[in-house]
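The structures come next, written out as structure tokens.
After this come two complexes, each holding chain A, first together with chain B and then together with chain C.
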Partner chain A sequence: MFSPVAEDETRTRTIETGHLLLLLTPALLIILVLFGGGLLLGTLQALSSQPFTEKNALTFAHFTAVLADPDFATSFALTLYIATVSTLVAVIASVVVAISLVRCSAGNRVLNFFLQIPLTVPHLVIAISLLLLLAPTGILSRLCSFLGISKGAASFPLLVNDPYAIGILLTYIWKEIPFITFMILAVLKNSGNELNEVGRTLRANSWQRFRHITLPLIAPSLGAAGFIVFAFTFGAFEVPYLLGRTYPMVLPVWAYKNYTDIDLMARPEGIAIGLIIAAIATCSLLLSQGLMQLARRQREYPGE
Partner chain B sequence: MKQTLQLVLLLLLISLTCQVTNSQAIDLQKASWQEIVQAADGQTVDWYMWGGFPAVNTYVNNYVATQLKAKYNITLRQVPVKDIAEVVSKLVVEKQAGKTSGGNVDLMWINGENFRTCKRHDLLFGPFADKLPNQRFVDWGKPSVYNDFGTPVDGMESPWGSAQMVMIYDTARTPEPPKSMAQLIDWIRQHPGRFAYPAPPDFTGSVFVRHVFYHHSEDVNLWQGEYEQKQFEKAASDTYNLLTELKPALWRQGTTYPQSPVRMNTLFADGEIDFSFSYHQAEASRNIQDGLFPPTVRSFVFNEGTISNTHFVAIPYNASDKAAAMVAANFLLSAEAQMEKAKPNVWGDFPALDISRLPMNQQQQFIDLPRGPATLSNQELQAHQLPEPPSDILIQLEKGWEQHVLKGR
Partner chain C sequence: MNKRSVLIGLGIIVAVVIPFLPLLLWSVSDQWFYPALLPQQFGLRGWQYIMTTAGQQITEGLVQSTSLALVTTCCSLLVALPAARALGLYSFPGKKLIGLFLLLPIIVPPLCVSMGYHLWFIRIGLAETFAGVVMAHLTFCLPYTIFVLWGVFTDYNPDFEYQARSLGASPIQVLINVTLPMILPGICIAALFSFLLSWSQYLSTLIIGGGRLLTLPILLFALMDSGDRPVAAAVSLVFVIPALFALVANAHFLGRQGMTGVR
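Right, the complex of A and B next:
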């Protein structure tokens, strides 16, 4: 009884895949030509000894120059610090938000709407807003001195262009919490409740239910979302440019600085830094993809 | 990366479509002005220029384009670019590829380092500036006109306008501003945390460093001709030492710098710092008009002068419509076009002309221009002008500042 239906299903699925590929071709071509082509041209420029001249040879000199620069270690550490801390905080906060949303008000439209705001606001806008809010002469500082909490701009703590990159971290955390929350909310809504009820009938307390039911359930999606956020924050330019210090600078700002240098010979180094960033972001995205596969398999065969 | 791609695509397009429009019938170097104007009739000028300033774009696309069409039947097409250096590197590639005609850039807005690159690689048509009738209104005796950031102009580009650095302060906060670089340095020491400059290579931050460099130079004109590297290194290291020593007295103890003049203006308006400065002499007035600065803000120049430069237009060696480009360059220099450009509500750019060479009634028109409350008079500004040093000094200072002052190595 079941076999013909199953066959039919597989057939429609294969047709759909073929169809889908055909439909996706224009978009894929654009991505491949513009992105892949740009990457290829960039690699060529980063590998050529003297771009824009006739004397040209392939060389790794620009990459070694970047890697040997004492600034590379500092810039790399700073970038890694910002990407890791903002991702970790956003991941932990998202778990709390998602679980409380499922427990208390899964269908609360107002809450959902508020959570969607950060998704639509561009990074640039929130960075500028934070600058106006948190600068020593910003709104918060003025409010504090008005209420008598601080004594004017000089005594207000440094929250932007500061050594601990607090402004940058705040921007990213604010921006990424809803993204991760929605990723794990999908999993929780689908399969969280029944398993939790089973757990409750077996007298597991709420920590045990979280530790042994919810966390394993959301872990792959959570990891996948985390790696996407990490890849983005590692390669993003505008927020550290606006809210960071002049020196040390994160890798993307350093790349931009070299690329726009008045000296054309600094460009290949800028591109080399860009390619290093791209490599790290790609690794992170591959990890994310792997976890996503795992999550899908888990959803399809929850027993395994 | 995107720019490179665009460049390659552009080059492909050029090689496919061009090579047809080569109708340079007359020898422009020998032709009379009358013949050049005739040849320009019906041509199209593709003017590549930095497109980041809306007021300039409006002036070019409305006023200049309309006038050129009406007066000479020339079509002007503005091609806005993010950085004219992109166009220069495109020309370098075309030169290598042996493309000697039919180029799609007819005119470009240029100065400083980009002009030097063009001149060094022979990328320009000319000399043509001396052929333009309106050249007689330009004071070619001024170092900031005959030298473009230390590179002799030699008629390879035609002046369009000029700019001068001015200091900006608030009379309500600082009734007696320091009137020289030496006094300003003392002032910074006595008022810790109240002064900041944008981090070079920002254009405005970089010009401040050059003022400190001039302060440590025995003679500003020393750098205009041949100079000894040893002399430069002495003055440069004095500059870095002073700026490093001043760091604790700067905004945020010099641990960070504003990343742009816009940010410096915000800090100034918010009362975090007491001075701003700009390479645009009318900036303070415009910001008062826009409500960003209080009406008590004024500007001043140092007694020893402040750095000024001229910006130019140039014609590439392979331009398709050179005659029309020359006519356009000449029109840009006319008293009427310069007058329109100088109006504060149009652009407020400083004229490239020496106003005293104009007929009396036109002189009066320039004097009668509304100036805004914080802009100094032309006489006051012109009496206090210092030339820019050669662009290789500029680059060395920017790199040196980063190494010694920013990174403390």
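Right, the complex of A and C next:
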């Protein structure tokens, strides 16, 4: 279940239906109207042949035009590459950082503070700062030519607007590591060290303790945090817009370009791309939910 | 503390601080041609520009961004608190589905939704208005607030409320003297979270605000296009400072709990 807490089957506190409705209705109404309404109206516009005129007919033309475009596959691959690599690196680094933070409780307050700084820095700002740092005439390139490693801007490797999207990946990794770290730190701090000590008395080595004690403990929140990061990077606009190449574009940038095109007919295509992004995010959520349930069943009834 | 954790700690601090160096250096440079490692001429042209020539615009951007984020945060908290209480404290049929639905906007990018209701907002006169942009921000700030407060309410024990009631406290007194103090750290985290999300939002503000609501991110994007690096660096720092200030203020209050769940 995609929720901030592990499922608690023992919670049996109940509530009158009337009171429950009173608590939930405002939130449900807002999400239904703004989020559901937005998606529904977007779908209607993406499905209509001429959305800005009276003579309208339902058509899949805009969706097929997008999906049949040879650029779709390249854009999709680039978006998936950026989201997957940045999420994987951030997840692995966060596990290392969180475990070392729990082990050395002495310097915790200072480190905790520093680790919180990236949470407050908008993506836009960190993208600009990495642009000033990594561009061919950026500070890193100046440092390299100062130390005699490279000979000027032309021989410095391309780190922004580059085919491997290094600048974009670094921005996301810098920004997302603290988010994932704090999500799993909450679990690690609450669970205490007893289980690890038990593992130690049973002569489990550090890898075994990590694999069979720590990892199962943090897996649910690690999965949820990783998924939020993946979905965010898949649908984010600012960072690839600033640090990406002009071709191929990631899906969100392509959607926005189409949406603001002077040709009004490109607009429904932009919305169609947006809806495809939404569908991919939702489908991967359902898929990961299903996989998690499958894994849980395997653990509970092995060999079934 | 062993050597390895010192090394990791130092690594974290260096990695966090490095991206601020280019911003600081560029914001105080008047002349900095490639390949000089440090500016040939230090100066405050960038800062002077945003204080004087563009001063009014930057101030308006700050006010606009702050008021948008504050209004969005208040609305999110008001609506999210009851919903999170229901989700965190009680079990009821359909809870999984309702929870999933309320959190779904977290994973669907704001871009898709904003493009969808843009035309509708134009028709009912909400486009290019403050209220319209608040609603656009609310679409994804509310789910994140529910996400944080849901976690807060699962650790909350409502029995204290019953005790206060049996001692003769009115529902309002219970709310002010029992419930709110107990969940205050959680509310602070959720508020900071929602504030930062709205504060750094660019695309949905641009689509719904239509360039009429000049928030800081929108000004910053325009500056990056103009290519004036010292000014863009100075504005970037202005953009970070209020959030950093909120962090410092909160760090003392929240203590070790930190900002779990904030991104």
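Criterion: the second predicted complex is superposed on the first by the 248 of 304 C-alpha atoms of A that agree within 3 Å, B and C clash if a C-alpha of one lies under 4 Å from a C-alpha of the other, contacts with A are read in each partner's own complex, and residues count from 1 in each chain.
Just so we're on the same page, a contact is a pair of C-beta atoms (placed from the backbone, for glycine too) under 8 Å apart; a residue touches a chain by one contact, two chains touch by 3 or more.
Note that the structure is predicted; figures quoted are calculated from it, not measured.
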- prompt: Touch check for A:G37: first (chain B), second (chain C), both, or neither?
  reply: both
Query: Once the shared chain is lined up, is A:T246 touching chain B (first), chain C (second), both, or neither of them?
result: first
Query: Is A:A281 touching the first partner chain B, the second partner chain C, both, or neither of them?
result: second
- request: Identify the partner contact of A:W174: answer first if only chain B is touched, second if only chain C is, both if each is, neither if none is.
  value: second
Task: Scan A:N161 for contacts with chain B and chain C and give back first, second, both or neither.
output: first
- request: Figure out whether A:E197 sits in contact with chain B (first) or chain C (second), or with both, or with neither.
  value: neither
Task: With the two complexes superposed on chain A, say which partner A:D261 touches: chain B (first), chain C (second), both, or neither.
output: first
Field: Per-residue contact with chain A, leading partner among chain C and chain B
entry: C
Task: For A:P122, select first, second, both or neither according to whether it touches chain B, chain C, the two together, or no partner.
output: second
- request: Take the contacts of chain A with chain B and those with chain C, and give the residues found in both.
  value: 34, 37-39, 41-42, 45, 137, 153, 242, 271, 274
Query: If you look only at chain A, which of its residues touch chain C in the complex?
result: 1-5, 8, 11-15, 17, 20, 22-24, 26-28, 30-31, 34-35, 37-43, 45, 51, 96-97, 100, 103-104, 106-126, 128-130, 132-133, 137-139, 141-143, 145-146, 152-153, 174-176, 179, 182-183, 185-186, 227-229, 231-232, 234-238, 242, 252, 255-256, 259, 270-271, 274-275, 277-278, 281-282, 285
Touching residues (chain side chain A, partner chain B) in the complex: 34, 37-39, 41-42, 45, 52, 54, 71, 135-137, 153-154, 158, 161, 163, 241-242, 245-247, 257, 260-264, 271, 274
Task: State the interface residues of chain B toward chain A in the complex, per the touch definition above.
output: 1-2, 4-5, 8, 83, 85, 89, 92-93, 96, 113, 193, 199, 201, 252, 255-257, 259, 267, 270-272, 391, 395, 398, 406-407
Field: chain A-facing residues of chain C, complex
entry: 1-2, 4-6, 8-9, 12-13, 15-23, 25-26, 34-37, 78-80, 82-83, 85-92, 96, 98-117, 119-120, 135-136, 138-139, 142-143, 146-148, 150-151, 154, 158, 196, 199-200, 202-203, 207, 217, 220-221, 224, 229, 232-233, 236, 239-240, 243-244, 246-247, 251, 256, 258-263
